[in-house]
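Order as written gives the chain letters A, B, C and D; numbering starts at 1 within each chain.
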Amino acid sequence: MSLLSKFKETLICLRAGKVTLPYPRQARPLPERFRGRPLFDAMKCIGCAGCANNCPAREILVYDVCQEVRILKYLGRRCTYCGRCADVCPEKAITMSKEFENATDQIGDIQQQLDLFMSTCQRCGRCFKEPGPLEQLQMKGYRADDLGKERWIYRSKAYLESQPEVDDIKIELD
Amino acid sequence: MSGKAIIEILGGLANVVIVLIVAPFFEGVLRKLTARIQSRQGPPLWQPYYDLLKLLGKEDIESGESPPMQRFAVYLSFAAIMTVACLVPFGSHAPANSIGDVLVLIYLLTLCGIATMLAGLAAGSTYSLIGMNREMMSLITLEPLLVVAMVIGAIHVHSFRLDQVLAGSVYAAAGFPWSGLIMLGVMLVSFQAFVQRVPFDIAEAETEIMEGPLMEYSGPKLALFKYVQMAKLVIYSALFVALFIPWGHTGLYPLDVLIHLAKCLVMVLGVTWVAATHARYRMDQAIRFYALLLGISVIALGMAVYGY
Amino acid sequence: MLKNLCQKMFGRSLWVYHANSGGCNGCDIEVLNVLTPYYDVERFGIKLVGSPRHADVMLCQGPALRSTAKALKRAYEAMPSPKLVFAIGSCASGGGLWYDTYNVIGPVDKILPVNFYIPGCPPRPEAIIYGVAVAVGLVDKKTSPVKIKQLELPIPRYHPDQLSGEGELVVYEKAEKV
Amino acid sequence: MPAHKIIERLKDQFGVAIQRADLPGNGRLFVFVDSAALKSICRFVFRDLDARYVTSIGSDDRPYSDSFLVAHHFAFDRTGLLCSLLTHLTGNPPKVDSISKEVPAANWAEREFRDLLGIEPVGHPYPKRLVLPDGWPEGKHPLRKDVAWNYVPEGYDEDREFAFDEPPEGCMVIPFGPFHPTLDEPAHFRLYVEGEMVRGCEYRGFMAHRGIEKLGESVLTYNEIPMAAERICGICGCVHNVAYAQAVEQAAAIKPPPRAEYIRTIMLELERLHSHLLWVGLACHIVGFDTLFMLSFRIREPLMWMAEKISGNRKTYALCLIGGVRWDFTAELKAELQQVLLKVEQEWRAVVEAVAGDRNLQKRTLGIGVTSPELVKNVGLIGPVARAAGVDIDCRRDHPYAAYDRVEFKVITGTGGDVWSRLLVRAQEVFESIRIIRQCLEKMPEGPLQLQLPDELPIGRMGMSSVEAPRGEAHHFVITGENNRPRRWRVRAPTYQNLQGIPAMIKDQQLADMTISLGSIDPCFSCTDRMEIVDIRSGKTTVYTQEELREMARRKVL
């Protein structure tokens, strides 16, 4: 009885044959919705920091180096690949690519940094007109901490002030 | 030194070389076959050689309770198994005939087990000691089986000489005596325990006590222990083949060696299948199982004494 | 010569010890998955071992936590050299979502020297195999830092003579990918 | 027993001690009681009304009501009611009567709020540190509102060792963990062993405590928390994701569109499928049966690929947001899923038939780690562990959520209460899950995936939700708050309760059975620890001397 079930088990296994995939030589096609490393398009990015404010891992940092130049830094090292940044991006500047082969010996290799030129409104100093994409974001459950205070302080910026060094990556604040 | 002694020594050395070369290969076959049973591609056949070489090149951390004893245990275990290799027939008959008889062989095999226990004791961590404990229990209940098998053979051929006992002696009396057949059955079901594979690898259970006695060893020492484990598989297969499957000798030494190794390989295939499809037993279950076998084998011994 | 040979064999027989220092289990299961029929890393000679003394590679999963940091360090010290440390998953390589909470020290490289990082949450089994292949030298790493930088401020106010194209396209002609 | 009846009986029994009762509908009941009567009310609910204990929650409510909040949750499974008994504590330091003597299952939960919030359970039988790391100084409580999420107190001492209890007379101590090949995650057991028999153990877990709850209350926002919740556990992540979303939806009185509910159901069942197959594999690996381990992982793999096709990742689906889901089913995906299910069902049926007669496997699992229905009730065991002991509870049927009230399925129960019957229960549940997915695929209506939410969710409302994870019931409790994030978010993972049953399960068993007993509850320490055995086996922890051991070994052999 026991021996019979052992034979059955062996047979089930053997019937499948060898199923090992020849991975490093040949890769399986990736599914269409696969969420790999997010890619940031500098052409489309308007620097709204929606991604930074919706990133659960808090690893997209947006900060201004001067009145006109805003820096968006994607550290990548603690990215959870949830795809929320791509969801909320009003300009679809972020795409979840199909890159998953990100293994590296230098963690800095998966960083992305964009320098964005911001043209500010001469009157109010802001970058957007009033019913801009931010309001859309807010409707999707966008965080509202600092919006009420009429100030453009991003969480990452506040963080940077207290600690100008983010995980060994020195951030130039000026 | 007489010519005969030189031939004996040369034969013994040849055996040692055969065991050293073949043992990792058999392990490789075992791993590959296990992989194929599990629908995997599996490692290359010579993977165990790579493993051993790599272990030899690694740092040796001496961290146990008493490093000298640890070193001693390793060498003792390796030396014992290699001496056993001298005494076991690969090919026609046991080469080093005048060096020792069957009793010496049994002592040496026990010494291997004792060396493992010593290793566990010397390492001194909790899991090693549990492993040692288990090794001791299985040694005490398991080793008599082999003794009984050999003694039955010895009774049938009226001799303790290696070349006579280790040549299918269990069948020597009258065709296929009952005692021999019973012992064949007993040894077949307990073979897995002798080579310490699943379901009887209790002393080295990886998921319970993390390889027990070997847990604290690293680098070259571990390599030697692994070598001993692999050699055990070959040597016990060879012993089993010599005792129970003595047929098919041609008289030509190289050919005989190949035939013998082929028979051993068949044993290894059996071991692989059982190991792949069984869950590990608990110590008390295993001991109960060994005790049952021991009872049966004692009956067989009695029958052998009365010529059945 | 034997020593040379032994060192060469290191890449062909990596024994792996996996230490979850407090991650979510996802990476653990993917590491186990890598051993299973469809991926089967045993074909590269990789084997999972239970004791750090036998291991060549430590797979760290999960961030370095205050409760496990000590044990993790001890396990690392128990490994005989040469040894490698892989940080698997976002938690191990970057600290994860909780990189700065009260019980988390941060990424594993704060307490151990990490040789290779395999980001992903959890990384697919293929990604883990790729990481191992990079470590062993079968393939080259594909990633490099991306930096897109403004060379000049492109508004005509600042550089009216540079305005050649239409609208904002000008801006990015002057941007470069580093 | 319907909710108003419960309130009536409580009022009869305790009169003015019952201050207020909220009935937000659909099977939830919040009763505010006087803190002095809390203990007797809990006993009444647990013993006389025969409710099942779910969890206890402490919360720092000082910024809003100048008091601490303690809630004990009970479930009435027959009537599908989740009941919360809340009380405000004004003292400083806050004190509450411990209910652990009456309700043994509350042991850990009370120790947890003692650690994290400093609410002292008066009369607790074993008030020892549970959650915080060893070096954390006494009197500092990270979950209080006046403390930042990344606050590490002054007196933090890395080198401090945990004070373990004295082992009982005549027993040796075997440290088990924190890194052990059968434990995927860190946890530390100190086993008191006499010979090869386990006489008791002390658990020092919570080593994967990552402070997720604090993070959710102070840093993340409503729609970021699902991603964090999903990473509470890598295997049953979707469960926490859905449970959190449902708790918030319930608090804010939002009903997600029906299509979203069906998709949630499918993904939850897909997760249960892969988790059960994984468990069978791991259990076999623990007892050394590697072929079945490989076999069940092979059968499971197409499910993982399917999950990747649907959601874009193999494990962390990132499925739910508040008020809906993110991923839709197309016709091709549906057809493919059907095919995968068919294949899995065929192969798994063959495996189950083959394993049913496997005496070798039964030897290691029959009669091991036995739980009785009394233990289930007292310690609050849940999920397959409870069902294998013959206790018929299943949140999918008792407290229906998502689309479970619109599909048919059977709740599988066993009789033995041992590891083998847990294995059988899980093996059978695979078929039920497949049935549920098929029904969902058939019945799924067209429609939107996500609701347009109002700008701000209502503040100060409470919601709770129980979701049947592969290991048992996962319970989430949310109090909504300002700044687009909850005021308090508490997670009770299934292993949190099941692990408390381990000491009873492994008592007087062989040491070798310890690993499979522990494995049989499908432990998921990261779930349990969210927000805590400390000796590595290579470290030398010979608690007793070597002579003693040698002596012991000798005694054993002779």
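The working rule: a residue touches a chain if its C-beta (ideal position, glycine included) is under 8 Å from a C-beta of that chain, and two chains touch if they have at least 3 such contacts.
Computed from a predicted structure; not experimentally measured.
The most distant chain from chain A, with centres taken as the mean of CA atoms, is B. When the C-beta pairs in contact are tallied for C-D and for A-B, the bigger tally goes to C-D. Separating the centre of chain C from that of chain D, both taken as means of CA atoms, is a distance of 30 Å. For the pair chain A and chain B, the distance between C-alpha centroids works out to 57 Å. Remark: chain B and chain C have CA centroids separated by 43 Å (rounded to whole angstrom).
If you average the CA atoms of chain A and of chain C, the two centres end up 17 Å from each other. Looking at chain D, one finds that residues 180-181, 220, 227-228, 231, 291, 294-295, 298, 308, 313, 316, 360, 537-538 touch two or more other chains.
Of all residues in chain B, those that touch two or more other chains are 37-41, 63, 206-207, 210, 215-216, 276-278. Listed for chain A are residues 6, 9-10, 13, 16, 19-20, 56, 58, 80-82, each touching two or more other chains. Contact topology of the protein chains: fully connected, every pair of chains touching. Only residues 174-175, 180-182, 196, 284-291, 294-295, 298, 360-361, 363-364, 510-513, 515, 537-538, 540-542, 546, 549-550, 552-553, 556-557 of chain D touch chain B when the two sit together in their complex. Those residues of chain B lying in contact with chain A across their complex are 36-41, 273, 276-278. Interface of chain B with chain D (complex): residues 34, 37-40, 63, 65, 121, 124-127, 129-130, 132-133, 136-137, 140, 198-199, 201-202, 205-208, 210, 215-216, 276-285. Considering their complex, residues 219-225, 227-228, 231, 291-292, 294-295, 298, 305, 308-313, 316, 318, 321-322, 326-327, 347, 350-351, 353-360, 452-453, 455-456, 483-485 of chain D touch chain A. Listed in rising order, the residues of chain C touching chain A in the complex are 37-40, 43, 90-91, 93-97, 99, 106-107, 109, 115-121, 123-124, 126-127, 129-131, 133-135, 138-139, 141-150, 153-155, 171-172, 175.
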